[in-house]
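What follows is a group of structures, each given as structure tokens.
Shared between the two complexes below is chain A, which has chain B as its partner in the first and chain C in the second.
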Partner chain A sequence: MSSLSRIGAVVAKEFIHLVRDRRTLAVVLAMPVLQMLLFAYAISFDVKNVSTVIIDTDHTPASQAYVRSYQSSDFFTVVGTAGDLSAVDRVFDHNQARIAVVVPSGFGRTLADGGQATVAVYLDGSEPTAARVGQAFSTALNQVYGQRVTIEWADTQGLDVTGFGQLEPRVRTWYNPEKRSSDFLIPGLMVVIIMVVALQQTAVSLVREREQGTDEQLAISPMRRWEMMVGKVTPWTLLAFLDLAVITVVGIVFFHLPLRGSTLVLALGAALFVFCSLGLGLVISAVAPSLESANMLGLLLSMLPAFILSGFAFPLASIPVALQVVSCLFPARFMVTIARGVFLKGAGFGELWPELAALGGYAVIALGIAVVLYGRRRR
Partner chain B sequence: MSATSAPAIEAAGLSRRFGDVQAVDGVDLSIAKGAVFGLLGPDGAGKSTLIRMLATVLNPDAGEAVVQGFSVTRQPGKVTPLIGYMSQKFSLYPDLTVAENIDFFAKLRGVPKDVRHTRMHQLLQGMGLDEFVDRQAGRLSGGMKQKLFLASTLMHSPDVLLLDEPTTGVDPVSRREFWRILAGLHRQGTTVLVATPYMDEAERCTDVAFIDSGRIRHRGSPEQIKALVPGRLFEVRAADPRAALAALHTLAATHALRGLLAVHLYGDIVRVLIETDDAGSITSALEAAGIGADVQPSAVDMETAFAFLAELATTP
Partner chain C sequence: MSLHRIRLLMWKEFLQLRRDPLLIRLLFLMPILQLILFGYVVAADVKNLPTAVVDLDRTSTSRALDASFGASDYFVVTQRPAETELQRLMDTGQISIAIVIPEGTQAALDRGETAPIGVIVDGSDSQVASVGSGYASQIIARFNADRMAAQGVSVAAPGIDARVRVMFNPTLASVNTMIPGLVAAIVMISIMAVMGQAVVKERERGTLEQMFVTPIKPVEYLIGKVTPYAIAAVVQLLVVALVGIFWFGVPFAGQISVVVVGLVLFMLTSIGLGLLISLVSHTRQQAQQLMMLLLLPSFVLSGFIFPIDSMPAAIQPLSWFIPLTWAIQILRGAFIKGSGFEALSTQFWVLALFAVVIFGAAIVATRRRLTE
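Let's turn to the complex of A and B:
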């Protein structure tokens, strides 16, 4: 009886477990598609059409012209106008608007006198993304509008300001010109799902052997520890790659995700990342005292870092430095960079080798720790 | 033929501690080939720990054990192919069927495919499980689970069986059937070490050892164990057994009843161990104390033997 047939016996057994456990099977197979639908349609980080209420207490042609600049912008949807400031509280409380723009009386006269007119912009901070973007756009809008007013004023005074070096920024977004969330999220989602499948399931399935007492029966068989581990992780490796393929195909076909770079680099990165996740899963299964704690630890070490500390949902540069350091302890951030690089930037081995090397190193260390922990059989 | 006369299991000074608890404390043990050796003792006495060390799934802190000539600490890989081990907890996969469980473990143990097939059906048929081959193990009754576990343990034809309370929580009919199967294995020459909290099962063993607080207190054949009990056993039936028990304790303390060794309550019967063959002395002593009782001589069974041996050990 060779190692290979013993490993084969374990793999076959694992697939029987999987087929009998309909819930886990459904989760593993349906999760990628469900999450993609969720992230691509329901959750969007695109900020558009921020509901805005306008309070114009000036009622001059100048104030009306200013208000029109909001109405004509894509970023603001003017949902109503009101007569006085007390309306701000009301519309915020009823979630009717996220932004209130107040044009004070005397706005038109101040401008006509060549003075600096002020407008008040109130933001509903309970939805920070919309508020932050709304602030940025209203500031920009004010600048543009202010500039136009200045030029108009200079014109009426017979001055020529065109020679004063006007600066006009032209912003172009590369790689994802329409700034679609789905392009940005799907490569990251891939990382989350691989991590959950490979890490969580590995951790849980090994601890289950211990809780069922079957590990003692395995211990008195001629099967060696590593044969058992290989047999255990093989099905989850296959499923992780299946999920990866499903996400890639669905992403390309339904979400028009571009695949610009080297598929080989993506596959290599994914393979290394799967090994990292398996290693972490094995470490968890070695230290977790019970099935519940293995589940919790698995969730904690797969979902959280993959979502928060990988650049998947929040740019790594915008999280605190301490957390940026912590993020290096999890392989997800490297894989997110690789996935986005390959899909969106058309990157290949030349650009992504540092991340690939990091994953490779991580995999060796994680699997090494797992082997040491399992070698020290606590009995 | 010195090889056959060598013991199947030999332990010397075997010890294991868990935290502050000395689970097994310097156990010396020798079990002859072909014996059905009963390891008796209350919960927490150290039965499981001892068996797990012999099965190589637990390392001893001190001492050594040899199973079929191989050391459990230095040659566990040589021991495991020769043993079958049933842990106290049902340790097969509940979601796998009877056949899948047996086949998986037999495959790991290197039993060839054709042998696996014929032996599985032979074993399941012998245990009355053959109609349940496709049932998931988790859906079997307690007794059937234990028989399945035993069948799985027997697939590679082990020389030595280590069974940790295989009949605990099993109904009386299944228990009897389980022991019938063990008797069959005994006839085939398999050495069986079986831990049990049931004293009636001890009667079916060729040898027994009584373990308490990690130490073996008594050992021998059931007859030898029973012979260790001194004096004669009488059963006292009274209208108020507790009053009779109290009266007998008082009689012993005041030396009004000579030769009284031990007294204990067994259900509604007071069992008295005394250095006399005369039932009349007990009857008259109780009458003098105002208690009417029927006193009959009785034979020492294993249960009584261990109860008295434990009592005699604590009250010298």
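Let's turn to the complex of A and C:
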């Protein structure tokens, strides 16, 4: 019997296991779709429509004009007005609003007298991202409004206002002008899903063989070690590629994800990345004594780095240097750069060769370690 | 109910756990690893964005604007390229934001016109895009205000003096909200992950049937089975809370009783979910996958990592059906805002309802299975 037919036999056996365990198969196929729906629909990094409560104790035309500048802003959504200051505490304690603007009485009179009218903007810091952006926007809004007041006043005083030219930011967002988080997340999600399917399932399927004692039966069969490993990982490789294709197609068709770069680079990157994940999965299966610890190790080495240390959702530029080094120890980070580069930036070999080389090197090392560890275990 | 039998069962669980030393080590490594990853990576605040300034104006105004970007904590001006270079720098990811000051900016300002300033942000990194453009607008607005003040007009002129104050978390450190959330998340992960598996394992090996023929009663079985894992979860959450308070400097403004009651209710819910998973699964593999299927939406939709406020209005109601949402609100309220039972009463009632329904269903289902 040739080694090809022996590998074919293992692949067939694995597929029988897979088909018999309908639930696992369903989960492996449903997981990417569920993740995609969750991440593409639920998550948005674009902070806007922050709930705001306005407490106007002045009730003058001047204060009402000031309040309108919040109502017309895209960033603030005025959800209510209140009469007295104690409302600030109540609103924040009950999570009814994230921002409270207080216009004190005397606001209109101070402005009419030519003075600096004080207003207070309170931000709920327990939601830091919203608060940070809210801080920036409310500061900018007040400065712009203040200048308008000043210029209007100078104009009525007959002063020359030509010196008061303003700079105005015109923000353009490249690659993703509507700031759709689905464009940003789906390429990264691909990486997370491959890692989970290829790594976790490989790790577990080999450990199970050992727990059930069937690996000894396989050891006395004429099968060589590498044949058995290739046969074992083939079904999961195919499933990983199937998931990959599903995500790409659903992303492009339903979420209008642009595919701007070279599909060849994406396919090459994905193939290398699948090999990296398989290598890691095999290493785990060689060191884990039980199914529980294989699962746990898989969680630690696949889920956590793929979600958190890959730049998939959290930018890596602001993290401590030591952790940046750690993030380079996992292949996910390079694959996220490749996927995002190809989909959004239209990048090709020219821009992405360092990442492809890193993945290639990683795949060779991980598979090498797996072969060595596996050999030692068998003996 | 016999305490002796419960103790024996707990001893058995402990012996079984000891046979897999790697698993024990991983159980203790888990919270520490999550602390590092969530505390330093997920809670990392966007700052020091690599920035390019393209100054086509080359006047004192444009240089002053350049300097005010450089002086900010949020931007690090790393490049001063030609405009044609921007595409390449952005494509390769060397910069994530670019400021373009067009020619004639100062001249336009002197004529009293509004001069546009180009702010280009890298939209392939959403967080950078939204936070970076906000900061850039703030810096330009402040620059305008400073220029006006320098004209000497504003001293006599009316204006707005806005006092922007952040309450509860004045440094705006994300880690202060991340750690209380992590305390709840770790309870859910460790209880569900280990407990769900433990019961299925007995079923897979057929030892569950042996258990029926012993004099042990369902309630005793449940308590004996749950206690070791509940203790492990408490140890883990204590580690997270203490490291959070003493290492990451997370303030604790509230009452301990609020946290304890909230966590007990949430633990009951998690135990119930773990039991239900193990009752419907035939193999450990299925239990593991079912758990992932439950954990993922919980993490994404509960506001643990991604704020519920930013979700589309149609999605937000989904988060109400997730127990973790309410647990996190209680813990954050207690840690950061110092809220008491009164302010958090809605959250407590909902969590209590979850605990009663889920834990109750789990007990009924276990009892049925054991007496069958």
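Rule of thumb we're sticking to: the second predicted complex is superposed on the first by the 348 of 379 C-alpha atoms of A that agree within 3 Å, B and C clash if a C-alpha of one lies under 4 Å from a C-alpha of the other, contacts with A are read in each partner's own complex, and residues count from 1 in each chain.
Everything that follows uses one rule, which is that contacts are C-beta pairs under 8 Å (C-beta built on N, C-alpha and C of every residue); 3 or more make two chains touch, one makes a residue touch a chain.
Values in this document were obtained by computation on a predicted structure and should not be read as measured data.
Superposition of the two complexes onto chain A shows chain B and chain C fitting side by side, with no clash. Contacts of A:Q212 after superposition: chain B is touched, whereas chain C is not reached.
Of the two partner chains placed by superposition, only chain B is touched by A:M223; chain C is not. Of the two partner chains, chain C is the only one touched by A:L38; chain B is not. Once the two complexes are overlaid on the shared chain, A:G80 sits clear of chain B and of chain C alike. Look at A:D21: by the touch rule set out above, it reaches both chain B and chain C. Taking the C-alpha centre of chain A as the vertex, the lines to the centres of chain B and chain C open to an angle of 80 degrees, rounded to the nearest 10.
In the superposed pair of complexes, A:K13 makes contact with chain B only, with no contact to chain C.
Residue by residue along chain A, chain B and chain C are tallied for touches, and C comes out ahead.
When the shared chain is aligned, no partner comes close enough to touch A:G375: not chain B, not chain C.
Of the two partner chains, chain C is the only one touched by A:A347; chain B is not. Least inter-chain distance for chain B and chain C in the combined superposition, rounded to the nearest angstrom, is 10, based on C-alpha atoms. Judged by the document's definition of touching, chain A residues 21 lie at the interface with chain B and also at the interface with chain C.
Those residues of chain A that touch chain B in the complex are listed here as 1, 5-6, 9-10, 13, 16-17, 20-21, 212-214, 216-223, 379. Of all residues in chain A, only 21, 23-24, 27, 30-31, 34-35, 38-39, 41-47, 49-51, 66, 88, 92-95, 98, 110-133, 135-140, 142-147, 149-150, 153-154, 159, 161-177, 179, 181, 183-185, 204, 208, 287-293, 295-297, 299-300, 304, 308-309, 313-320, 323, 337, 340-341, 344-347, 351 touch chain C in the complex they form.
On the side of chain B, the complex with chain A involves touching residues 52, 55-59, 77, 80-81, 83, 85, 87, 89-96, 100, 104-105, 107-110, 136, 152.
Residues 20, 22-23, 26-27, 29-30, 33-34, 36-38, 40-42, 44-50, 65, 90-93, 96, 105, 108-131, 133-138, 140-145, 148, 151, 153-154, 156-170, 172-174, 176-177, 193-194, 197, 201, 283-286, 288-290, 292-293, 296-297, 300-301, 305-307, 309-312, 315, 318, 329, 332-333, 336-337, 339, 343 of chain C are the ones that touch chain A when the two sit in their complex.
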